[in-house]
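Okay, so chain A shows up in both of these, paired with chain B first and chain C after.
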Partner chain A sequence: MSQLQPEGTITPYQGYALLVTTVIGVEVVVFPRFLSREAGPDGIWIMLISGLITTFLVYLMTRLCQQFPQQSITQFVPRILGSKHSPRLGRLLSAPLMLLLLISWLGIVAMITRSFGEVMVSAVLVETPIEFIMGTLCAIGAIVTSNRPEILARYAEFLLPFLYPPILLILFAVIQEGDWLNLLPLFQVNWHQVFKGLLHSLATFGGIKVILIFMAFYQQPQRAMHSHISAMVIIMIGYLGTFLSALSIFGKDEIVHLLWPTLEVVKQIRIPGGILERVESAVLVVWMVAVFTSITAMLGASVQLIISAFRLKEHYRKWIALGGAAIVYFVGILPTTVNQLLQWSYRFGLLDVGIALALPLLLFGVLKIRGGKGAIEQDEQPPV
Partner chain B sequence: MIKTVSHGLFFMARKAINRFFSMFSRVKEKVIGVDKRIVVISMRKRSFRDRRKRLKQERIREQAEKKLEQRVGEVSVAEELEVNINYITKTLGDSGDLITRCFTVQATPDRKAAVMYIDGMADVRIVDQFVLSPAMTGIEILRTKGNLMELLQESFIQSGEVKVTSKMKQLIEALLYGDTLFFLDGENKGIIVGTKGWDQRGVDEPKTAAVIRGPREGFTENLRTNSALIRRRLQDPDLRLKSLTVGERTKTHLSLLYIEGVTDQAVVQEMEKRIDQISIDGVLESGYIEEMIQDNMWSPFPLIQNTERPDAVVAHLLEGKVALLVDGTPHVLIAPAVFAQFYYSPEDYYERYLVSSFLRFLRLGSLVIALLLPALYIAFVSFHSEMIPVKMAIAMAAGRAGVPFPSIVEGLVMEISVEVLREASTRLPGPIGPTIGIVGALVIGEAAVSAQLVSPLMVIVVGLTTISSYANPNYNAAISLRLLRFPLMIAAATLGLYGVMLLLLLIILHLVKLRSFGVPYMAPIAPLRWSDLKDSLVRVPWPFMKKRPKIFRPQDEKRQQGGDDSI
Partner chain C sequence: MSSLRCSISALLIVSLLLTGCWDRRELDERSLITAVALDTAPEGYKLSFMIPIPIKIAGSGGGGTGEGGQDVVQIFSSTGTTISEAFGKIRREVNQEPFFGYTVLLLLGEDVLQTGIEKDLDVFRRYPQMRRRLIPAVVKGRADEVLHANPKLEQIPSNYIYLLLDNGIRQGWMADVTLGDLFANLSDPSRNGVVNMLDIKNDVVRWIGLAVLKGDRMVGRLSDVESVPAIQLRDQKAGNFIEVPCPGGKGSFVFRALRVNPKVKIDNKEKIRIKSTVHVIGEIIENGCKNNLSDQKELVKFSSSVKKLYEQVARNLLHKMQKELKSDIFFYGERIRALHPQLWREIDWKTTFPKVKVEVEYQVEIRRYGMESR
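Right after this comes the complex of A and B.
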């Protein structure tokens, strides 16, 4: 007897959408300031290099997950680290790794939520308490993440097209206000600045390791590489465009005095025909979509991590999502000032990228040393 | 999410009622003055009593069903004519519209015969000319000897649809469906003669989903006329028509239509399964069935499409969907349905592709306006006034200067009064309807503004919203968006654009989660299918749509010759 269409798995395009919407998020409005402060116009190529580095990390993680199709990270990491005779050892060894993943995700989501609240309060909803904005955002985030990863992927897929129009707007601003001279002079930095710039630009790529969780649900993990790499290219183009526009409009000296440089870029736009006087509220709305998809992807990844680590039943998902959102809220209100908040988000972003670098390298190393013993079971998997 | 909330509410309500009643019983116990332990025992007893009561009720119901079965189920036709006539007359309770005509068959004068039909349900001309007349006068010239019953059936009853049976239940069901019963004395069988023919509305232009170019025929209330309208357009031997009956008392006939080899069999099976599970006393409209078989009961969005147009049904059947015809209503159900198809008109495929693509963009725009414009107005006025161009902002402020209410009150009052107007003009008889419109326009449009109850811009916003919500070929999809407008307005008044966006994100989550008979509701956008996007916002010319949409999993993908290549 034939069956109705099942809930479905994550298609390659959905994988692309997930990665793009996860990485592009709250950082877009802030990072030109840091990058310009550390490296000036040289941020352009530093951004490019860090983009290449993260693309390489994504490549590593994708390769790792491709070796274990349809298996979640909580299944294959113990297998790599432990032995067949004592599966408990593997799970024991992988526990700190999982904890680290969880901490980094929840931390990033908390910082995202807080930063979003700060921007909202400073730019649009001046009289609304930030706790209320964060609370509603966390509540809605919990509702969304109490759904299965397949639905989260479809959600990201649906929302992705809304992220494209602001690119046009930013282009518009550059044409109206930009000055190419602001992009010069290049190659004026020393190695120390390059390093610090690199760290700052790397931190903006936080969130790439959600693919470790979501790849377990991919329809064709073999085709994931293409969609992930193209997602990274799109993200790089988006970030470069944002940085270039902010730099060309304000110049490297003015940019460091702006709290939210990208928002200022948008404020420069004058729409001909006079339909809207200023578009920053509209852009903030789109940016909210980007932020929200980052929150749901990372919170959803944490929820799925817990579910699969403890092999919980499906109906616990909403409670875990609720608990995760509560943690996010209470961590989010911890930073006392915006400056501290930005420091924290920088560190969490770095932690995220650091794990993204260390985890695949470690696991690949162990795999190599053990002669692919952990991956032996993959032959038992049905070919996809 | 809505489902969980309503579940929760239901649960809470049940709990509260339980508590209320238990409190009651406790009070009773207290009055009598027994201690707590006895209360517990009595509570336990009570639950036992509940169970006994339930069991008793079940038994009564079973017995009633058995009685009904006994009354008609196993009874077979008796040999005596009188007994049969009496039985049927008694079963129908001496009904006034039951016509019984007894006569003598002239070939054998000792044998009487009877014809029974229900006045108004059976076509009297057919009964008179082709049943009564040959049986009463034609048999006189009968020379051959033989079984009179067989002769009657074979030569004298001149009707296409004749059935002999000895089961009383079948006979009575046929009688109630407009057929004529023929009994002959001495035979323990009855003949059912197909004489269905009641007065009905003719095939008319459908009132909903009007088109400028395209067929003008619409379905009627008659099931057979409707299936014929479809058959005439789809002369395919693979068209399957399954007859089903729903409704324990109304015995409403349904026809499930699909094209074998095109439609996904799983959908057909699932449809039959869900219809089988319906147990209701009456089905008066396809809406009953729709609510009972749809995937998500709590969604504001329609998950099954209905249409009055046979051409639309054929088009959907060809895309691999299933159509369900219900007797007594011109509205035919089509499943599975996706969100986008509620914004398509059949005309999109008859008009040239540029025109129809333009119209689809227009409908998308009107969807956004109908859903969001009042909310955006409220958000802009209360929170984001910097976005409004300066000159316009000044004009708006001048317009709003005398208005004593905040914009949300203004908006809700106006929107609700427009809804009231709409409802009033729908229900009123034809000539009065437009009058209401004029009065409403005058009162709400002019007087309210000059009395400074609302600002002029609000009137424009409300007018635009209402008109936009009608720029949609499907009424039930339009009304669901009109419902969502109100929570969006409230969100806009509390949190501005941020609130609107939060609610929209929730609505999108709900839409993305929905499925209709296994098909994701937002397909082909999420999950994205490039090949199906050819018939979405843009309708490409027919030569490029060589395949059926993949989202409905058709068994035969090819629509045109040369559909093998990937275009």
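Right after this comes the complex of A and C.
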């Protein structure tokens, strides 16, 4: 059935870049506070565990897509759920799943857009209307996502290197200001705290399931596992580094006072000799890149989902992108306060990771019950 | 395609006209506040800002290069029941929007600290332009008096005071406290903060020691001599040099610590016992004794005199902190929280600290004695 799709062109490195830039995004500036509030220094290993969990989810999804190379999720899910005799049933059963995917992506993108606007307005551009910042993001997001997924992957590949330098800067801040006593004591939390901490750290991995869409365009899906796992490792290192630096610099009691802890970490940096002052503006630019790549990847995934679900022609893409961006904008301005926004972001993040867990499990389960490869093998069998 | 090109060029032209950048403010459209002073007033607070006059700063090309001190700055003060109210009043007097991005100094009047500063610092936490790296200092008496001082070495007076503090911190004899550290010390129940203290007399601003906080209140003061072991135990910095009586004779010599490495051992068998072992490496910078320093035996005697003095000062300091001020500025509580979490849960450190046994032992090594050979 791979003839329906053109051969993919996304290289393994682009797949890696796509996953890293999608997952790392707006939550980097805020999650140390939640994690520290729920679990204190124990957030360190809780972060590690949730990283392992999400890596496992990425493994599952990659395996799933590898079984249906060059097929998009809208093609193989009906195949798994339905049967040869009633393809309609499969499509019907898969419709709610697709809708859920769509909702979670658009919701997450909306929250990302709004959070970005909030950080900008509260910390830097105090006078600028948030509607303007969000509107610009959505408009440019729509322009970028009017392109095919391969272009989005190239875009991620191009922007990925910009994400690395801040890691060095954060390391610098730790050396200057960090206190290792703030990272202790470990293993003091009860199960309830571990659970809540896990939920909060899992929510930061929202976006991993874009691979369900993009893997259909991979050049060599069989090599995807390596690039996906290494992407997850890099993301984990980035998150752990962020958390460790914020924790060692501020301590668990001070972090909870800070609305955007990571931003404050960056503000602490003082380059010796005063060559560069206020490096946070440079880091904010990089962070904006990270945020924007998350937006384009998830919005692009939504657009592609709609296109392939309804088998639409290519020229509809820009209108769908525009419509998606409009939805994102209007959902994004819904939360009235920062508190509500953060709560919604958390829920959408969890929803995303939850789907990333449920979907592959469900599909693998059905595959197993139906023996082997579901409808795909039945397809290849000669009709009885 | 041509319609697309048309619309793009139309967009570009429109965007040229609509240069609506809300936050665009050029440097000359801002009033750069270099120092903030906060005092109490009958209504609540008295807030003072120092704003340099750009045209009078050397190198600005304005012409007035020979001036300095109070001639190149303007000081604005106002009072209010909240800090923001006072700020709002000052804003009515300043021709451009006040900008805190270059604020390097926050001067707090002694009386502000005595009533508790958590609520006063709230506005400084909230304001996004405020930098956590700016240096806070407590002023004995009123903080705005320091803004009115007229030092001659620097063009802008606040810069002079900032450099005074910055130099002391870098040389390791003032406490390394930034606004961010102060915030962190206030929110962490296992720590107590200190703030460098300034005094102004006859138009001279000088450092006079440390203000000791307990929670968010100032409970006492450490003199410059008491600050030496405090900074050594707390910040692992050298502290100022110290005058030591000669071993077995009249007169005294001056010892300067170069490197200080305190090790803390917390023992919890029946009672909590804390033992700090401070390893100090330093040099003699002035010798008013008759002893010959080129004699190794004499040098050993000198180092034991230094050790004795250090231990005595530290013991007095600990006694003061435990019995009088009841404030743990040495991060002992933090160590217990981090390294003995079980114990930390069982005790209330605020009430326990005055009762625990704290010992301090110094190990002093005199490495050299300057350019003089004996």
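Throughout what follows, the second predicted complex is superposed on the first by the 365 of 384 C-alpha atoms of A that agree within 3 Å, B and C clash if a C-alpha of one lies under 4 Å from a C-alpha of the other, contacts with A are read in each partner's own complex, and residues count from 1 in each chain.
Everything below uses one rule, namely that a contact is a pair of C-beta atoms (placed from the backbone, for glycine too) under 8 Å apart; a residue touches a chain by one contact, two chains touch by 3 or more.
Because the structure is a prediction, the values reported are computed rather than measured.
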Per-residue touch tally on chain A - higher for chain B or for chain C: B
Chain B versus chain C as contact partner of A:74, first or second or both or neither: neither
Contacts of A:13 with chain B and chain C, given as first, second, both or neither: first
Contacts of A:154 with chain B and chain C, given as first, second, both or neither: first
Touched partner set for A:140, first chain B, second chain C, both or neither: first
Chain B versus chain C as contact partner of A:264, first or second or both or neither: second
Touching partner for A:94 - first (chain B), second (chain C), both, neither: neither
Which superposed partner A:254 touches (first chain B, second chain C, both, neither): second
Partner chain in contact with A:129 - chain B first, chain C second, else both or neither: second
Chain B versus chain C as contact partner of A:185, first or second or both or neither: second
Chain B and chain C contact sites that coincide on chain A, given as residue numbers: 124-125, 128, 278
Residue ranges of chain A in contact with chain B within the complex: 1-6, 8, 11, 13-14, 120, 124-125, 128, 133, 136-137, 140, 143-144, 147, 151, 154-155, 157-159, 274-279, 281-282, 284-285, 288-289, 292, 318
Touch list for chain A against partner chain C, complex: 122-129, 132, 177, 181-185, 188, 250-251, 253-254, 256-257, 264, 267-268, 270, 278
Of all residues in chain B, those that touch chain A in their complex: 1, 4, 264-267, 269-270, 383-384, 386-393, 495-502, 505-506, 508-509, 511-513, 515, 517-520, 522, 525-528, 553
Chain C - residues contacting chain A, complex: 20-23, 101, 125, 128, 131-133, 180, 183-184, 187-189, 331, 334-335, 337-339, 341, 344
